[in-house]
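The same subunit A turns up in both complexes below, where it pairs with subunit B and then with subunit C.
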Partner chain A sequence: MASDPQSAANQRIVEDLVSRLRRRQVVGSRATALETLLVLRQVVSKARFSNIDQLVNVIRSVGRRLVEAQPKEHSVGNTVRKVLHHIREEYHTASEPPAIETSFSIAKFVLQGQPRRQTTIPRSETRVPLKENDPDDPDSFARVLKPVLMEAIQDVFDELETVYDNISKNAKDHIHSDEIILTLGMSTTVQSFLKAAAHYRNYTVIVAETAPSYGGREMAKSLSSAGISTFLVPDSSIYALMSRVNKVILGAHAILANGGMFATSGSLLAATAARSYSTPVVVCAGQFKLTPLWNLYHEYGALDFGDPSAVLGFEEGDLVDKVDVVNPYYDYVQPELLDVFITNYGDHPPSSIYRLLKETYDDEDNEL
Partner chain B sequence: MPSSYRDRAGSVDGYGSVDRGPKSRGLRIFSHFGLPKTLGHQVKGDIHPAIVRLALQFSEFKICGANARCIATLTAFKTVIQDYVTPPHNTLSRHLMTYLSPQITHLVAARPMSVTMGNAIRQLKLEISDSDIDLPEQDAKDELCQKIDNYIRDRIIIADEVIEDLAVKKIKDGDVVLTYARSSLVEKIILRAHSLNKQFSVIVIDSRPLLEGKTLLHSLTSTVPPIPCTYALLPALPSLITDADVVLLGAHSLHANGSVYSRAGTAMVAMLAKEHSVPVMLCCETYKFSETVMLDGFGKNELGSFIPKFSPDTPKSNSNLEVLNPLYDSTPPSCITAVVTEVGLIPPTSISSIPLALGKTTL
Partner chain C sequence: MAPKSNAGKEKLIGNEDEVLQAVILADSFNKRFRPLTTRKPRCLLPICNAPLLDWTFESLALAGVQEIFVICRSHPEQIKEKIAESRWSKPGSGIKIVPILTAKETFSPGDAMRDIYTRGLVTGDFVLVMGDLVSNIRIDEVVKVHKERRKTNKDAIMTMVVKESGAKHRTRSSSESAIFALDSETSECLHYQPVMGYPPADVASVPRQVLVDHPDVEIRNDFIDCSIDICSVEVPSLFQDNFDYLDIRRDFVHGVLTSDLLMKNIYCYVAKEGYAARVQDTKSYEAISKDILSRWTFPLVPDNNHPAGHLYEHRRGNKYIDKDGTVILARTSTVGNKCLIGSSTEISDNAQIIASVIGQNCFIGAGAIIDNSYIFDDTMIGPGCVIERSIIGSGVDIKENTRVDKGSLIGDDVVIGPNVHLEAFGRLSRKRDPAGDEDGDEDEYTDSEEEEVEASQESIAIDLGSASNAIFWPPSAPDEDEDEDNVENFKNQRFMRLGDSASDLAFSDSGSESSDEASDSSDEDSELDTHLGTLPTSSATSLSLDAPGGSSSDATAEFQREVKLSLERAFAEGHSLDNASVELKTLRMASNVPLSRVREAVVSAIVDQIKIIEGGGVPQRQEIANVITRWGPLINKIGGIDAVETISVLQAHCASSERLLLFGQILAALYQDDIVEENDIREWHGSPTSQGLGLPAGTLRTENMKKCWAVGSRMIQQFDEQDEEDDSDDGESEDGRWGRRGRRGRR
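Let's turn to the complex of A and B:
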C-alpha cells in the first residue's frame, strides 16, 4: 500500500526490468538475481509503510510482476523470497526484546529447526523501540526499520557478488591430480570452479560442445587459456569417453526442492551416461538457484524452447517447412542421477536440499 | 572437392605440428585412437588407380558407412582383379593375394578398415586360394568377380531386403519411430514401411561431427506424401524419447559379447530408450559380425580429423586445447532389445551362435 507518487517511480524501474526480462535482454541466473535485487533495494528504499505486512505486500507484488515476466528464470523469484525472508528476520530481531534466544533447547530445535545462521550475527546495536501503525507518526516504523533492511539487502548483495569465489574455494578437495573431468555447456560457476582447482591440481577437462548453443566451445577456449589441458568433443562421444572420466561436473539452471535440477539440455544425457559407468556427478551452483518447486511434468524439461534455426537453419531451405524442429533449453535431471551440490553454503547431497530450502526461504513465500 | 581437401589438410597440420611436450598426459590417454592421417596424394608402390581413388574418397568421407565402404571396396577389387595379369612362373591363386595386399594396406592407411571390409576381404582371400590352378586366367578372374558379386548380393542386398521385411512388421499404424543419424538400412526400412501405406511419424536425432541425419531428412521428406518428421540434436533427446514407440538403429559391427560398435551417439540413444522402456531394434546384416570382444568404446575408436564447413567457429587446437571427434562408440548389449538380422530377430547375446547357425566355420 505504498502511496501513489512513489509507487509510480517504483513502477518505472520495475517495468523496465520486466520488459528486459521478457525480451531476454537479461539472461543467466546470477545476472537476473542481481538485477532483481537492485530493483528490490529501490522499492524498499522508496516504499512507505507503517507496518510489516504493508512492506511485505509491496515486495510480493513487485516480485510477482517480475516472476510473471519470465517464469523460467527462477532466480528472480528466489531473490524475492530471500529478501522477504531477511526482512521478516530483521523485523523479528528488531521487535522482539533482546537476549531472548540465548538458551538453546531441544524443544526449540524441534519447533523451529536448526538455528539460522543469520540470527547469530547481532546487527543493529542501537535499539530504538519499534512501533507499528503509530497514528501520530505513520512513518516512524519505516524510518526505524529501513536502515536495517538496507543492511540486510546489502548482505544478500554481497553474497551474490562473492558467490563464485565461495563455491570455488573448496575446488581442490573435489578435483585431484591427474583426474579427467567431463563438463558441458558454458557455466560461469563451473568455469570458476575448474579454474580455481587448476591453481592446485594438474588435471584434464573434456568439454562436450553442447549443441545447438555450442557453449562448450566457449568454455573450452576459456579453460585452455587458463592453462588447463582441455579436450573439446562433440556431444555424441560422451558415452564413448565416459569410461575414462573420473567425475562429471555440471552447472545448474535451478535446483528443485526434491534435489533434482533444471540444467542445460545435454546434462541429462551426461548424467545418465555417468551413472551407467558409476561416475560421480557433481553440480556447482550458487545458493540463489535453490527453488522451492517440484517438477512433476518432466517432458520437455522446463518447457522452454530456443530458436529452432540453430538446429536446422534456413540454409536447408526445402526442409524447413516439412520438418518439426525441437530445441529445448533445459533438461530435468532427477535427484537419483546426482551425487552432490556444491553451493556457496557448502556441499549438500540432493536429499538435503529440501532442508536447505526451509532454512533459506519462508514457507508462505513459495507462491509469491 | 579441392577446397574441402585443403580445409582438411590445414586442420591436419594443426594436429601434426603442435609441440605435444607439456600435455603428454592428455596425449597418452588418447594415443591409441590413431591420429588422423595426412595421407592422400602420396602413393607408395604399385597401387591401382581405382584403389587410389577409393582411398581418397574414404579419407574425405565421400564414401562412409559400413555397407557403402564394403561394396565400394569389393567393386574396386573387381576392377583390380580384371586388370591383373599373373606374372610368368606364378599361379593366380598363389600370387593374386600378394598383389592385393599392398592395395588393402593403401586403403587402410586412408581410413582404418571397417569390420565389414575385413570380413569381405577374408572371404575373398579364401576364394582366391581356392580357385582352380588349371583354370585359364580370364576364366579364373571372371569366376572371382562372380563370387564377389554373389557376396554383395547375398550378404548385403538380399540380406537388407529380408531385414526390411522383418523390421517393417514392427512398425504399426500410429507409431512414432525414433532413429539416430542415418543408417542406410534404417532409411530403407522406413521408406518401405511408408510404401506399405503405414501411418507413422519419425523422429530423427542427429549430432556433430557428421550430422548425417540431414541426409535422412531429405530422403524421408521427398516421398509422396512426405513422412512427418521431427528433427532434433542429441542433447534434446531426453525431451523426445518419451514420445517414441520404437527405436531403430544401424550398426557398424556387432561383437561376440553382444556389444554394438556404431556411430558415436548410438549408445546414448539406446541407453535413454532403455531407461524409458522403449524397445531398441538394431538392424544389422550378419556379415557385420565380428569374433572379437569389445568392452567399451574407448578401446577401439577412430578420430575424424576434419573441421566441417558449417561450424567455422570451432576453435583451433592449441597447446592446451585439442579438438577431438571420435566417430564411434560401443553400446552394451543390455541396452539392445533385439537385433534384426536376415536370419531373424535375435537377442544381442546370441550373436556368437549365428556363424554356426549359418553352417559356416568362417564369416
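Let's turn to the complex of A and C:
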C-alpha cells in the first residue's frame, strides 16, 4: 500500500463518509450500505496491489475505519464483508480451473423451481493467466483482476438496487384476501411489500404510530394513498387489537447471527403481543442486513439511544434537570418471537439464518 | 469508469462553490473561570474530556463551514498548537482553520470585530460564534434563511440564533439573558433588553413605535441566546464606525435597533430543533456537561461523535466508559448514572462516582466520593476524599481525606492535603515558580490579579496541607463603588457560580425600589412598559399603555428651544426640507427625547412662523397656505407619521397661544396638503383628550381646547355634508378625488 496521491484521494472520500456517519448525516441501513459500496468501489478502482492479500488488506482497513465510525449501522460492516467475499470468489474462479459447482446452498434449495438469474450465467471470458507478485510488472495482477472485481461490486450494487422488488415479489403468497395486517414504523421494505400485495389482494393494514419518531404516521399516509384500507392506531392499543390481527409484518434494522433482530422500538412490544395470541410474525428485510454478530449484552435493548428531545421537549426546563429521559432507537427481538424472514433470497426461518450467513460472508471477515 | 463512481466525487466538488466562513472569538474577555484559566485559555478547558474549541469546531463542521478564523488573544501559542495537532488540520477534514492573533489590547468582542474589519478577513456572509459553543443546530439552514432574506431586504444585516427553553432552564444563564421583542410573522428582532440576575429587573420597556409599526409582537423571556450570529459583511464595519461598541449584544444589537440613522434590521432564528448553548460561566459548564451526558446534544455525544475522537462505550443509564479497555474499575466501586470516565483511569475499591466526568489517566483512591464534579486529566484523588460539585484542573494531586466543598475551582497542578477541608467556593491555583522564567514570555499574559492574590497570601490563614503548593484566592468582596450595570458586578457573578443557587438574591430586592423605577420610566418617556414581576415567563406579561404626559423637564425645554432656533434659521435661510429634517434628527439624538416631543416642537415652530394678519380674511388664508405648503411636509419627515397626534399637538399649541383663531384654517391647510386625512380628523375628534377631558375644567386653556374642538366639529359636519352631496352625485370619481371637490365646497 504505497502512499501516493491516489491513496490520498481515497483517504479523502473515506474520511468524508466517516464524518458523515459519525454525524449521523447518513442514516438507515440501505443508505449506509449504498454509500459504503460507493466508497469501496472507488477504493478498489484506485488501489494498487500485486497480490490478493494486499487488496484484502486495503479493503479491510477502510472497512474497519468505517465500522468504527458508526458501529451501530451494521450494514456498513456487512457490505464490506460481502464485497470481500465476492472478491475472493472472483479471485478463486479466475485463478483456478473451473470446477463443477457442488456446494450445497440452502438459498438455492429454497428457490429451486423458480426461474431466476441465479441460474449462473456461464462466464465466457477469455482466460488470461493470472500471475501474482510478478516482479517484472507488479501491476499486471491488478490489471487482469480489476475488471472482474468491478463487476463483482456491481453485482452487490444491483442487489441493493433491486432489493425491494425482489422482496415484494412473493408478497401475494404471504398476504391473503381479507386479512388484517399489523405493522409499525416507517420501513421502505415493508411499505413496498404491502403495496405489491395490494395489486392482488384486498386486505386491511393497522399501523401503530410508533412514538416518538411517529414513523407510523408517514407509513399510514403512504399506504392509504396506494389504496390500501389503513388504520392508524396509538402504540398502546397494539395488544388490544392483536386478537383481530392475522399477521404482524415488521421491518428490521439488522438481522443477527442467532436469528434475532434489531428493529424500531416498539417491535418487541408487537412481537410479544403477537406471541401471546400466537399470531405469526413476519420480517421483511434485504439480505444486506444479515449481520454475523450477536447481541451479547442486553436482553431487550439495542443500546442505541437517540436524542431525548423527541420524548420530552428541551423547553421543559424544570423537568430536564430532574428527569433522565431516554429515547432508544431499536429493540432487540429474540428469534423465538419471530416466525419467518422474507429476504430477497427467499424465505428463511430464524433457525437457518446461521446457514445463510455462512453462504454470504467468509468466516475470517466476521471480525474486521 | 462507470458513471456512478463519479457521483460521489462530484458531490464533494459541488460543495465548494460557495465557501461558508466562520469566525470564532476564542477569548472570553472575562475571568469567570479563574483560576482554571490562569495558564490556559478558556476555550481549551475540556468539557466531557474534549476541549471546548473542538466542540465548537464540530458544531461548525456539522453545518458545513469550510473556512474558520479563530481569533485568539490570551495564550495564543497554546491554541495554535492545539489546532495544528487536532484532526481538523489533517487533510481530508475539508475545513481550513486559520488562527489569528489579535493585540493584547483587545479587551472586548467589539475590539475583536474591529480587528476583523481592519484585517479584511471576511468576504461574504459569515457565521460568528464564541469559542465555547456546543451546538448541533443546522447552522447552514440558518445561513440559507439569512441569505434568502438578504435578497429582498439589504438592511437585514444579522440573524441571531436563539433556542426556546423555559425561563428557569438549567442551561439558560440567569445572570446574562435578555428579553427579545420579535415580530411574530417575520421574527424580526424589534427590541432587545439585556437582563441580569442582579440587579433584578422587573420592567421591560418596549418602545411605543415598535407596537405602532408591528401589529403582532412577541415579547419573549425564555430564549437561550446561543451567540450564533449570521452576520453580513457590514457588521464588522459597523463596529469600526462605532468605536464605543464593546459587547455584541448589549452594545451592538441594542445600538442598531435603537438607532434611527442606521436603519438596519436584525432578525432572530428561533431554533425549534437542535441544541445550542455556550459555556459562559462555571454554572453553565455544569449544565452543558449534564446536557451532553443526557444526550440532548445528539448526535454530538461521547459514544457517537466525540469531538476529540475518543471512543466511549455507552452503558445503560448514560454511563460512558472508555472503549479501549484501559479503565480499571474496582469490583466494589460504584459508578452512578450520567458519568464519563476517560481512558487509563483507575477507580479503587469502594469509591463512589456520582454524575461526574473524570478525565484520562486519573486515579481515584479507595473510598473517595466524587459527587457532581468535573475532574480533568492526570489528576490524583487520594483515598477517603470527598469532592462535591467542583471543577478540578489537570495534574492536580489531592491527598487523602481531603474534603472539597461545592463550587470550588482548583487550578492545574495544585497539590493540597492531606486532611484539609476546603470551604465552599474556594479557589486555588499553583504558586508560580519563584525563579520561574523558563516560560518568561508567557508571564505577560498572567495579569496583575494573580500577583495580587499571591501578595495577599500572608494575610490569609487557611491550612492547605503540609505538602501544598497552592495559593488561595480570597473570595471577591462586593466592591462599594462598583457599577451595578456591569454584568461582572459581584452579585450578578454569584448567579454564574457553580453550585451557587443565589436564592438570597433572587427573591429579595424586588420591592419598592423597582416599582419606583417603573412609574418613573412610564412618566418620562411615554414608552410601553411591561411589568414582569420578577420576570417569570413570557406568557405572563401584561401590557399597559401610558398616554404621553405633558411633563416639561429641563432637558425637554432645552431641546424645544434648540429646535425652535434651528427651525427659525431654516425658515430664515430657506433650507431644503431634507436638510432641516436631518438637523432635527441629529438634535433628537443629541438630547435623547421621544418622537412626540419633536413633533410638538416642530408643529409649534411652524405655527409660530405664521404671521397674524390683522383683519384675517383672504390675506391671512394666503399666508397660512404659504407656510404650510412650504414647511408642512416637515412634520412627517421627522420620522414616524402619526397625523392624529399632529392634530392633537396643533390643538394643544393653538389653545395656549394667540393663534387660537387660526386653528381651523391651519387644519384646513394641512388637510389640503394631504398632511392629514379626513379619517385622521375624525379620529382626533373622537378621542377624549381632544375635547379637553382630563384637563382641569374652567381654565382658559381648557376653554380654548374646547373651542378648537368645536372648530373640528364644524369641519366634520362639512365632510358629512360633502359625503351626502357626493352620494347624490353619480360618483364619476373615486375616493381620492372627492376630497378636492370637498375643498372647493368649503371655500
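Simple rule for what comes next: the second predicted complex is superposed on the first by the 338 of 368 C-alpha atoms of A that agree within 3 Å, B and C clash if a C-alpha of one lies under 4 Å from a C-alpha of the other, contacts with A are read in each partner's own complex, and residues count from 1 in each chain.
Please note the rule applied: contacts are C-beta pairs under 8 Å (C-beta built on N, C-alpha and C of every residue); 3 or more make two chains touch, one makes a residue touch a chain.
What you see is a predicted model; the values in this text were computed from it and never measured.
After superposition onto subunit A, the modelled positions of subunit B and subunit C are compatible, with room for both.
Within the superposed three-chain model, A:R23 lies in touch with subunit C and out of touch with subunit B [touch as defined at top]. In the superposed model, A:Q154 lies in contact with subunit C only, and not with subunit B. Once chain A of one complex is fitted onto chain A of the other, the partner contacts of A:E316 extend to both subunit B and subunit C.
Once chain A of one complex is fitted onto chain A of the other, the partner contacts of A:R41 are limited to subunit C, with no touch recorded for subunit B. In the superposed model, A:D324 lies in contact with both subunit B and subunit C. In the superposition on chain A, A:D363 makes contact with neither subunit B nor subunit C. Comparing subunit B with subunit C, more residues of subunit A are touched by B. When both complexes are overlaid on chain A, the residue A:D307 reaches subunit C alone and has no touch with subunit B. Remark: least CA distance from subunit B to subunit C after fitting both complexes onto chain A is 9 Å.
Put simply, subunit A uses residues 298, 301, 315-316, 318, 324-327 to touch subunit B in one complex and subunit C in the other.
Within the complex, the subunit A residues that touch subunit B are 178, 180, 204, 209-212, 214, 217, 220-221, 223-225, 227-241, 243-244, 264-266, 268-269, 272-273, 276, 298-301, 311-312, 315-316, 318-319, 322-328, 331-332. Of all residues in subunit C, only 1-2, 4-5, 7-9, 12, 61-62, 91-94, 163-170, 172, 222, 273, 275, 291, 294-296, 298-299, 304-305, 311, 314-318, 337-338 touch subunit A in the complex they form. Contacts from subunit B toward subunit A in the complex involve residues 23, 25-26, 29-30, 207-209, 214, 217-218, 221, 226, 228-240, 242, 263-265, 267-268, 271-272, 275, 296-298, 301, 310-311, 313-315, 318, 320-326, 328-330, 332.
Contact residues of subunit A toward subunit C in the complex are 8, 11-16, 19, 22-24, 38-39, 41-42, 45, 68, 70, 150, 154, 157, 298, 301, 303, 305-309, 314-318, 320-321, 324-327.
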